[in-house]
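Take a look at these structures.
One chain, chain A, links the two complexes that follow: it is found with chain B in the first and with chain C in the second.
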Partner chain A sequence: MSTEAMLASELRDTSHGSGQSGHVVRLGSARGNWFRRVGWRHVVGVIALFFAIFPILFVVSAAFNPQGTLSSSTLIPRDASFANFDTLFSETSFWRWFANSLLISLLSAALSLFISAAAAYAFSRYRFRGRRAGMLFILLVQMFPQFLAIVAIYLIFVEISELYPAIGFNTPWSLILLFLGGALGVNTWLMKGFFDTIPKDLDESAKVDGATHAQIYFGIILPLVTPILAITGLLSFISTMSEFIISSVFLTEDSAKTAAVGLYGLISAQRNANFGVFAAGALIVAIPIVVLFQFLQRYIVGGITAGAVKG
Partner chain B sequence: MATVTLDKVNKQYENGYHAVHDLDLEIADGEFLVLVGPSGCGKSTALRMVAGLEDISTGVMKIGDRVVNTLSPRERDIAMVFQSYALYPHMTVAENIGYGLKIRRMDKTEIRRRVERAAEMLELGPMLDRKPKQLSGGQRQRVAMGRAIVREPQVFLMDEPLSNLDAKLRVQMRAEIGQIQHDLNVTTLYVTHDQIEAMTMGDRVAVIKSGILQQVGAPQYLYDNPANLFVAGFIGSPPMNMGMGRIIRHGEGLGLRFGSRTLALTGSVLTDHPSLGQWVDRPVAVGIRSEDMEDAGVLREAAAPDSTLVATVGLTEALGSEIVVHFDLDVPPVENEETRALAEDSGADDTGLRSNGTRFVASFAPRSRVRIGDQIEVVVDVARLHFFDPDSGLTLKG
Partner chain C sequence: MASPVEHVRESGAPAAAGGPPPPGGLMRLAGPGGRPLGLILKLLLLAVAAAIAVWAAIPLIDAGNWIGLAIVIVATIAIFVIYLSPRMIPAKYLVIGTLFLLGFQVAPIIYTLTTAFTNFGDGHRGSKDEAIAAIESASITQAPGSEVYALSIGTEPDGDLVFLLTDAQGAAFAGTAAGLEPLVPGTFSAGATGKITEAEGFTVLNVGEASARGAEIAEFSVPTDDGAIRSQGLSTAFEGIAGQNYQADCDCITDINTGTVFTADNDIGSFVDPNGNALAQGWKVGVGFENFTDALTNPTIAGSFFKILLWNFAFALLVPVLTFALGLALAMLFNSEELRGRRIYRSLLILPYAMPGFAMLLVWRDMFNADFGLINNLFGLSVDWLGGEWTARLAVLIIQLWMGFPYMFLVCTGALQSIPSDLVEAAGVDGARPGYAFRTITFPLLLVATGPLLITTFAFNFNNFNAIYLTTGGGPFPADNPTAGATDLLISYTYRLAFGGQGADYGFAAAISVLIFLIVAVISIIGFRRTRVLEEVN
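== the complex of A and B ==
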């Protein structure tokens, strides 16, 4: 309303105003209007950008700062070099750690996605005894952080390591196994909510068309839930990529470490903490997450079910 | 092509709710049978049992000669059109239509051929590469039909397929579905709550209420010979007028005391309803269709006083071809379980309107010039009166 009133007053100004002064008034008010409607967003955006980019700049700067200390780091390093990266690649098993991290994160993300989607589908579509109890149970279990059970888990894996060393301590498989169970609860709930929004008519229609359960699940339902698959996959990839506590308990041999555990080793020593090398490693670890985000971005848009049933 | 036979089919849910009671139905080969009833009457459940989406509690269900009680939907060779259309949003129109064939691993060129033929029949040709969300409601409805057609199934099942369309499109699609079914000659079970759809589309209509089959028959037969008050009130628009009357001796024969007036039950009434003699001095529920009443003013000769009712016009609706006149008669309304079910279905809560008796609706010839507030004489075609037992709701037979 105020805009129209202002426009009306501007029109009056130009029609009645004599020459120059009328123009000045109009330009002034139009510019004020622009700032109120659009301009302030730019200011907020710039502040937010600065706020977000500052820590990243700092890590980048530390990575390229050959002195390897945080206190000597400035936002623009004085004599930038790849010295930290050289040290990282030559004196540590960084690539090995990185590969371990990727293997564990990718596999546990993919497998947990598969398991949780199947569980969510069952909870969403079928009515069976213990359905409600089952859902509450996994929610309840999820309320406690996994490392509360670290003692129990440790004891279990001591036994496993003795009996089946292939999936025991210092193997990526032990961690994958653990993370699969750990992520199940939240993912199942998240996905179940999304599955519930897919009309049941679609399942039934496919059923009448002659599709089997598997054909309905893989051919009809999964393509419609890609947004939630992308989100949960991404979240579980990121969380395993940066998981530290359990990994540090499970992986003690240098060659079995994940990037998080390995990098921590670089700064954990009191005397020769090398933050430059750490920052260099952290930068590299961030790359797959950023790439994955870019790649999955287009799936995380939703609205894919629009037009399924009347609309 | 096949017959569908339901023999004493029951559906009782685990929580004890009895949705369908002893349903006996036989749908002939190529027949279009409409299952109609108020919402929640179990008609959709019955359809879903035929489809195999609901288990059958007891009874026998046959498609053709096969007992299908325990067969999965895919083994029954049926196609279903859902109220919501249930199109797969991530597939194009062509993929949607061909999905059932692809699942059956049919040859790709054959799928193409059938999809294109169905698309041509439904005028969907230019839409084949679009996604469902790019289509209008009517087009989505056609895709859903196409999906059923290409399968060339033994039976079509349709669950209120038109209720999501606007009124004009509904009339058009009604004709199209009827035409397609006639051309393909596929046995069809069609569920609706709209009695107009039932009347216009069905070869036969089955009226169901609270899970119990009330009557099955050709639409016109149901309209002319309703088995009970519920069918009488449900079939036909406007619904049949009903009021309580009393059979009395009148002159040489019988009469119907209807409010303050008496209608002579002449000639054919007594031969058509010989049992009326047993109802003398007992209350009966009387039904009059709106078209069986006429404004006495438009008749050439004066009507005998014992063939007319008198009322004050409450409302008129001129439709051009007829004038629909609403008026209150000084007769008590018929109140039993069936009329309550009807009132519930129409969503009517018109106790206030009926305070002066019972509201009747009549269709007069357009030359009638009645106005709101006029005192009118209404001639009743007594030969077409319907008589019901007010307790059981059943029509008086014999």
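== the complex of A and C ==
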């Protein structure tokens, strides 16, 4: 830490101290001061919190609403029961769907992390023919509305399903393979930016010591880029967990469905009646994501932009 | 809380300063023990690659798919050459991802590009021969007094379907896709109804097994001299005659009941009668730029096209701007050291981002419901949100603001923390007012940091199908035009045209995808140029 920064934090400490002593002497004025400096932030913060939370509260309340219909759901539950959860567990294959979702999301997040980190390392550390063209190409491919290529994707997988039923429709592998096709996507750019911030002298000195490129990559670079690995892994985990259009085309058998496809099926058939069960399922799906989010929070804040910022 | 960037810098600092690397880690890595281990790992992985290649090759050889086999061989050789060669280091890090990219992203895109120049869609799926076969077999009808058979469904040893038939006189036949063969008495046994229960050389399916192949059985026909034998349910079959026959000499199909002659038009891939009526079943042909000119000049399509394009731009621009504005405001709000509970605020504020998106879109749709929706209840309103043109647009924007602001909040929090505070402090020392410092120092630096993300958000929202499809479904629709709604984006509009009521028209959908791609790509490239991301690549 630079001396300036230390000085600054010292200054802050003293000012804080004087504020506290002021608190004893001039109570009213300190309060007004507190509101002007901090208090209003709480007021605005609470309003923002309400905006962020109330749809989620509605889902929670609907999940515990014993009547289980959309029209009887309110923001604050009048009555609570686990009826919807019971229905979800006993009358649908929810746990199976959920396990499928977790398998697909975890595997494709981990594998695509591996692929995009390797590519980012090559783009960041090596100068080779086709490097610029390759990066531009990756960027351009992302601009194509993948969703409208779904007919082509479908026909390709019809062929694959005939040749290799083990990785065809109604298997998790079909989706994982497809998602890996997008691994060299925006994430590579995001990561490359972060890799660039790690001093090249590190690699150079290791190279002088006789380290191979693989040792430099796995032993030195990867441990240093954990924040960006965490954030991109989490982002791709989230997007795969809630992906449902392609999944609904690929997975039609009940036992192969992901949670998103299965839950959508519940309310597309009986929108009002199954709303409580749907909400209960959505809540359970959200749990691993929310837990991961809180767990990785310290990485996330810095991770997303760190690649782009060079201060 | 130490930001990760600082963390990286700190741990990287000693070596970066030119000092010797920490002896423990690096020496062990680079030591003599490292190489054999790496080599063994590499050989193991190559063995796995070879095993996968063999596994992939066998069905391709069985099916006689030589192009597929060639692709597998080339890919495998490429992997071996790249990983065994001491050079080509960047390729070692890129080849796997590239193979996936080519197989599952580039190939579908190329396929879509070529489809855009065809009439591929319902009624124009296969080749001309397939179309003729389909027309003839669909026109088979049971003529009065034609032969009726008792039917058992069987399979040949290779699994192909066979119709085991007994006629009224008790003679038995095996009907395959190649034709009808009499069964020798004594090689089969029949039940009381005349249905064959066993036959040498064939496996008779039970009802359950037969129903499982029901669709296949309904399509199956046994060609005969006069027409074909088709099934009627799973236990009777009849001999019918084709009402429409193809003649190669005139390249036409004649309807024997009406005498109408449908002549093949190889430009549009249909059989057309003199009055211009086409048979429903056609085949796939190239149509040049017709799909593109259709999209831009057909009055019903073009009229909605530009209206939708305008809203599409508004939506794709407003979403990043609104989410960024709210995210930035909140990030600055909570960027005060004195504020207690910042962690709690932050944990709760990012919850919308952590909830499964498809589910929350559906929940929001129901919250905007006019009759029992939460929004109207909560604020005591009685607005028909999704029913009015402008309220529906507002609702869609509010939903996207909710879905997207936590991400921007995270991004801006990170960016604010990485902007050196001495810059702003220096401005303060020089007497600049906070607003001025923000405008001239913080905000420009933030834009540099978040510019690329804003552009990708724009590109994403330009085609944000879910945001529309799961909420308003494109609606509300004007009374005179049920195909183009007020909140439709190009992509949801195309989806309706391509897969909606009138039957699938993939060729046209592909052409619109190409147009969307061109629009998004051009704007994004201009955007990236301006934020100088591309220059950084050099």
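Please note the rule applied: the second predicted complex is superposed on the first by the 260 of 311 C-alpha atoms of A that agree within 3 Å, B and C clash if a C-alpha of one lies under 4 Å from a C-alpha of the other, contacts with A are read in each partner's own complex, and residues count from 1 in each chain.
To be clear about the criterion, a contact is a pair of C-beta atoms (placed from the backbone, for glycine too) under 8 Å apart; a residue touches a chain by one contact, two chains touch by 3 or more.
Predicted model only: the values in this text are computed from it and were never measured.
Looking at the overlay, what does A:I115 touch: chain B (first), chain C (second), both, or neither?
A:I115: touches chain C, not chain B.
Using the superposition on chain A described above, determine whether A:L202 touches chain B (first), chain C (second), both, or neither.
In the superposed model, A:L202 contacts both chain B and chain C.
Name the contact category of A:V158: first (chain B only), second (chain C only), both, or neither.
neither
Residues of chain A touched: more by chain B or chain C?
Touching more residues of chain A than the other partner does is C.
For A:L224 in the superposed arrangement: first (chain B), second (chain C), both or neither?
Both: A:L224 reaches chain B and chain C.
Tell me the contact category for A:A211 with respect to chain B and chain C: first, second, both or neither.
both
Once the structures are superposed on A, label A:I47 by its partner contacts, choosing first (chain B), second (chain C), both or neither.
Neither partner.
Per the definitions at the top, what is the overlap between the chain A residues touching chain B and those touching chain C?
Touching chain B in the first complex and chain C in the second, residues 199, 201-202, 205-206, 209-212, 215, 220, 224, 304-306, 308-309, 311 of chain A appear in both lists.
Okay, in this complex, where on chain A does chain B touch?
Those residues of chain A that touch chain B are 199, 201-202, 204-212, 215, 220, 223-224, 304-311.
Once bound in the complex, which stretches of chain B touch chain A?
So the residues of chain B touching chain A come out as 51-53, 72-74, 78-80, 82-90, 99-100, 103-104, 131-135, 137, 140, 147, 151, 157, 164.
Looking at the complex, which residues from chain A come into contact with chain C?
Where chain A meets chain C, its residues are 4-5, 8, 12, 16, 37-38, 41-42, 44-45, 48-49, 51-56, 58-59, 70-71, 73-75, 115-116, 118-119, 121-122, 126, 128, 131-132, 134-136, 138-149, 151-153, 155-156, 162-164, 177-178, 180-184, 186, 188-189, 197-199, 201-202, 205-206, 209-215, 217, 219-220, 224-227, 238, 241-245, 259-260, 263-264, 267, 271, 275, 278-279, 281-282, 285-286, 289-290, 293-294, 297-306, 308-309, 311.
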